[in-house]
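A, B, C, D, E and F are the chain letters, set down in written order, and residue numbers restart from 1 in every chain.
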């Protein structure tokens, strides 16, 4: 019995040599940009280039705690880049810079970390953002679940773009950019606890390219990526902020067959399941067709569909019209969805 | 036996109603600013006001995992605000905006969270920054150690300020802003595992005010807050980046008597112990007195002292001159310091 | 999905609704609106999910029955489970449905947040697997459900016994569907014209367990599947019987339900369970012979005996209208707590917990009410 | 700090250095440079920390002795501790010093990162407290150290026995200072002119354990405290003896060391420990009667017996120069691995682990060499 | 109550423990098939069963399903079809 | 080896377990004082002891410390002082 594969020890988080080497050999090498290479505790970013592109910053943060770390269609690193890029992009902003902060449980194999960092670097390139500053903490075994990643992001919003739920109007249309629930269902499968297996992949992807394509096709009132709480949470937040009613159509919802399978087996509602590469757009009715066409022409929006309409009242309420024309309320989700027997 | 005190459950992290209420009642209420109140997934910050103050952004991130969450002199929330404010300030930047991301273990008492959030709000006010966007994750019991906080920060650097370890020159002076090792020693005591007790307080405090006072008194080459790895890590990073030699003087080091007590009992070196409200400044020799005087006139720098000098060679090396004139190397720390018997 | 999508065809739905209208016209107007109890929470759920209530003629009203095991779970039983988890340091496993049900000591989810080791499983076999994986721990499966779910517990216990897994036991709260129906029919305040019978319970029990309804109480019952067309077709069949003055046990769900039920499952249940003298039901009180307990042969796997558990019996919370709603005496939104003190996020009664609970369904789907 | 700062007075340091010079002048030039072995790692540490080597005349050289328990810890013993933690699922407690020492199976810190339950304690009493707190776990204290540390283990074991704490045991690697000194003195390749004796060991043992050095090997030894003035004064005393042709056991550290040592500690050790026939030393091989094992009365608390541990005996890694450095035959920086393969971050030999190890000290304080 | 899902049996996994793998829309799970175990386990392959909490509780009859659907399609004034279906003498 | 720290005894905590609280520069810890336990525990108050791994292993003698310091201060050519100190007949 000899030493097993190399892994993270507390030394890698102690602020000393081991940490410096980890940062240099893994992070600086993979993320590869001049600011990060300076190894200061912060990055300096010229305002001039931001001024050229818009008049506001968009600033977002998210921590990622997904289990398992790697799953079909992605990993926590890809998720961490996409998640913040998407939150920034939902303002109509052009994402530019990310920070990246790791909390690592001692014992994490270095090979796992290396794969995840490579995946972050690849996704950042794909999304056109730079990871310019970071942080690493290592905690005792049992003090975190393998690896958590926080990313925060800065983008710049062109002056003519004013997006936000508060701009939503009656008669607007609600568009989803593709099948819903893929990430949530893929994670349930990947976790293995429920012993389900299949081919399902997480939809984890950056959406800033899609947003640019949409904004080129027409004006958009509001965008939200439908992450935790799924479409139900986003629609309720929008209805609540804008004080409008949103009516979704069950039959219009794009659904991957396996997501339906997982939902049926466990008694879950795909409208409440998480997505990591899908957005909900609310657009003026006269621009709906053009924007939908632009979405369907983009790789990240091929299965985009109009799934609902905005009405003035009852304010703050979301409902779903069923197959046979009756409608039910879709309230803000309560707690996490648990597998049901009844 | 009735229900114990209210605590965080997984529902608070599920993207649904419970989470919305948590955010509204705790975070939005305490951090109290218009951007956060919009409840979008990102904040929008006008570039105009940043342009007025400088020509670069400073962007920093840190995750905080301290145990215990509350300790003499601070708590994880105060630490999270100070840590990122200080990293931003070390660029000579004026810190403006923070993001704030919580990873919470299910079961954390809501009262604890409330105290910590209030402490963050108070510290942010003291430091003159706004917490404009955030994120909340709740993980299963055992998947994190009570509470982790990430903050990322944006500041603006006035055009005439160019700070960085690469600007350090031979003959420059090294200043520390006060007693070293207070935070590390206070945490060791607070943790209770080593059964030490005393009156020691963490030095946790925002340093941006001190930095402004220093920069008003004279030019500064480089600043670093001496957090993990302590003075030893910062001095080594600086010597390595600037390819100079740094010589510190043991006798000049400001040391709280209890920090010395803890260090002696456990066989630790205060030069390697963490600080959370102390900076190391490297300044040109001719401005040293003025800057030191300005520091000592500021509440955060009353015990500031010149502790070393920069020389051209041997490049990348830090040494400490002992009591009797002999000198020893102070290498980059290796791993975390452990209590010793020999 | 095979066996699902075919039973959602909108054309056929229209035709079947027309059929219901026709049958209803044959019914004596003095009897209307007809009160039809769908026994099973799965049916309640489907009625709301597909907004079937909005499609039905005024002359028919659904009364939501006691057939959701989570909704009839008494508060004391939740407390028993929490006590096991907290005081006896066991790994307590149960179905996701059970986690948010409030007892006097809070819910299992609250107990988990306070540190108890509580796991959600999809199957009792998953709990048994946890016992195999953690031989140093006591693993207790909190078993609940009607005859559909009881065979799974029985087969799992047989496997535990065969393999000699000693750190596994069951906190048994299985119940049977006949006794509460009889209790409801015996209640003089209640008027029910017919029943939609539970499809999956019947798959195990067969049809004969309902004979007393037709024979002693002269009410029709039609066993139904869970898709919209199943329900509507069964409803048409019930109304046709009422119009004809019949009271038979019919089976609309023939693709799954054999008239004799499932003999293997019945055999396993007979070996593992015996009828308990009394069982508590939320809203219905204590009903004799309405629940199952382990036989002597399985006593070593009985968590109550293993841990010397004293069953808690606790009163319903003040103002709680579950008892009246479960008997069909009150609509959920007539409960004083509905939508105020009692909401899905802070349920007072169990009917607000499960999405099959009448109150949760009313709350979630209140657009139509 | 009382009893510390007084012994760092720069004026007195200067005067004592002058004193050493004077004494040294009286020594026969053919014998210079004198080789003085500081036995104790604590002295090695102080010599480097205060850069005393830089202050001394050329005619004196320090040879760093075997008195750092971590430095002489054999690789196999680390493997034994790892085996206990990994294969017997115990909670293994030890001093922080032990965590980074490499064995064949890696270090305890590596094992911890891979999932073993390894805790750093400040005192063996803290390990006993963990055993009280976790009655369901086996808690093993990995005891190491010379006579200074052994009484702490002995008193802790007496307390465990008194309180009947059965889930506590000790993996004992206590060693004694006399035998390795004799082994070094017996080595024909070694020339040492005098010794600085270990202050804290002597506080327990008293002075008489060193008599054989003066009587059989005709070398002077002066027991010294750990502050710069203590060391320099003791050095002056050693050089004075050499100049005078004397060989006595002297005591510079009278404020702490009584000539008879500490009788309570000696009594506790006598009750709990007996001399082991053989013990392994890193760099010095196996030395008879150089270590301690538990007496029969404490056999139930002996982790080796409790877990049926087979001691591992493993060879030193290739190229490792620890043996030669420990005998004073080689300076650390003459080892082929020094500063390349062997660094504080990736120690090959134990002398690179503890900050008292000669190699770590050379590496850390290399400015002066 | 009693979420029961139609799933198709894809493989016989362990004849002793009577486990099979079933699939719902491409999602697979191993379930216990004791309640539907025939003399020749291979007969199960391709058949559909109702799955509940990890157990296959009953087989689904395609013939009965088709009969039910046929009756549904025939409705629209054809009252006798309903009566046919409702008779106590089923083919189940 | 054997990090031993001078600490002052501040209180007698448990006469049966022979524990006392000591302080080093204001930092306190409870230690076992079995090795220095006198007939009258109160005699320990205010005394200084060498602390090692949670045990007080020996008392520090102020008189001896002063003698040593006096000898150190006297050096500077006064060879006899050294010889005085080195004699086998100590006062310890």
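In this text, contacts are C-beta pairs under 8 Å (C-beta built on N, C-alpha and C of every residue); 3 or more make two chains touch, one makes a residue touch a chain.
Since we're looking at a predicted model, the values are computed, not measured.
If you take chain B and chain F together, the chains in touch with both are D.
By count of C-beta pairs in contact, D-F exceeds the other of the chain pairs B-C and D-F. Among the remaining chains, the Cα-based centre furthest from that of chain E is the centre of F. Note: centroid distance chain A to chain B, computed from Cα atoms, is 30 Å.
Averaged C-alpha coordinates put the centre of chain B at 38 Å from the centre of chain D.
Inter-chain centre distance (chain B to chain E, centres taken as mean C-alpha positions): 64 Å. Rounded to whole angstrom units, the spacing between the C-alpha centres of chain C and chain D is 72. Across the assembly, chain F contributes 1-3, 24-25, 52-53 as residues in contact with two or more other chains.
Counting partner chains per residue, chain B has residues 9-11, 17-18, 194-195, 260-261, 264, 331, 334-335, 340-342 touching two or more of them.
Looking at chain C, residues 1, 4, 41-42, 68-69, 95, 109, 122, 126, 145, 149, 345, 356 sit in touch with two or more other chains. Taken pair by pair, the chains that touch are A-B, A-C, A-D, A-E, B-C, B-D, B-F, C-E, D-F.
Of all residues in chain D, only 1-4, 6-7, 9, 12, 15-16, 18-19, 22, 40-42, 67-69, 95, 122-126, 145-146, 148-149, 151-152, 155, 159, 198-201, 203-204, 222, 226, 229, 233, 236-237, 240-241, 248-252, 254-259, 262, 264-265, 268, 356 touch chain F in the complex they form. The residues of chain B lying in touch with chain F in their complex are 189, 194-200, 257-258, 260-262, 264-265, 267, 340-342.
By the touch criterion given at the top, residues 1, 4, 8, 10, 13, 41-42, 48-55, 68-70, 95-97, 99-100, 109, 120, 122, 126, 145, 149, 228, 344-345, 354-356, 363-368 of chain C touch chain A in their complex. On chain B, the positions that touch chain A within their shared complex are 9-11, 13-20, 38-48, 50-51, 54-65, 67, 87-88, 90-91, 93, 97, 99-103, 132-135, 137, 139-140, 142-145, 148, 150, 152-154, 156-157, 164-166, 224-225, 227-230, 233, 237, 241, 274, 331-336. Within the complex formed with chain C, the chain B residues making contact are 1-4, 7-11, 17-18, 106-107, 141.
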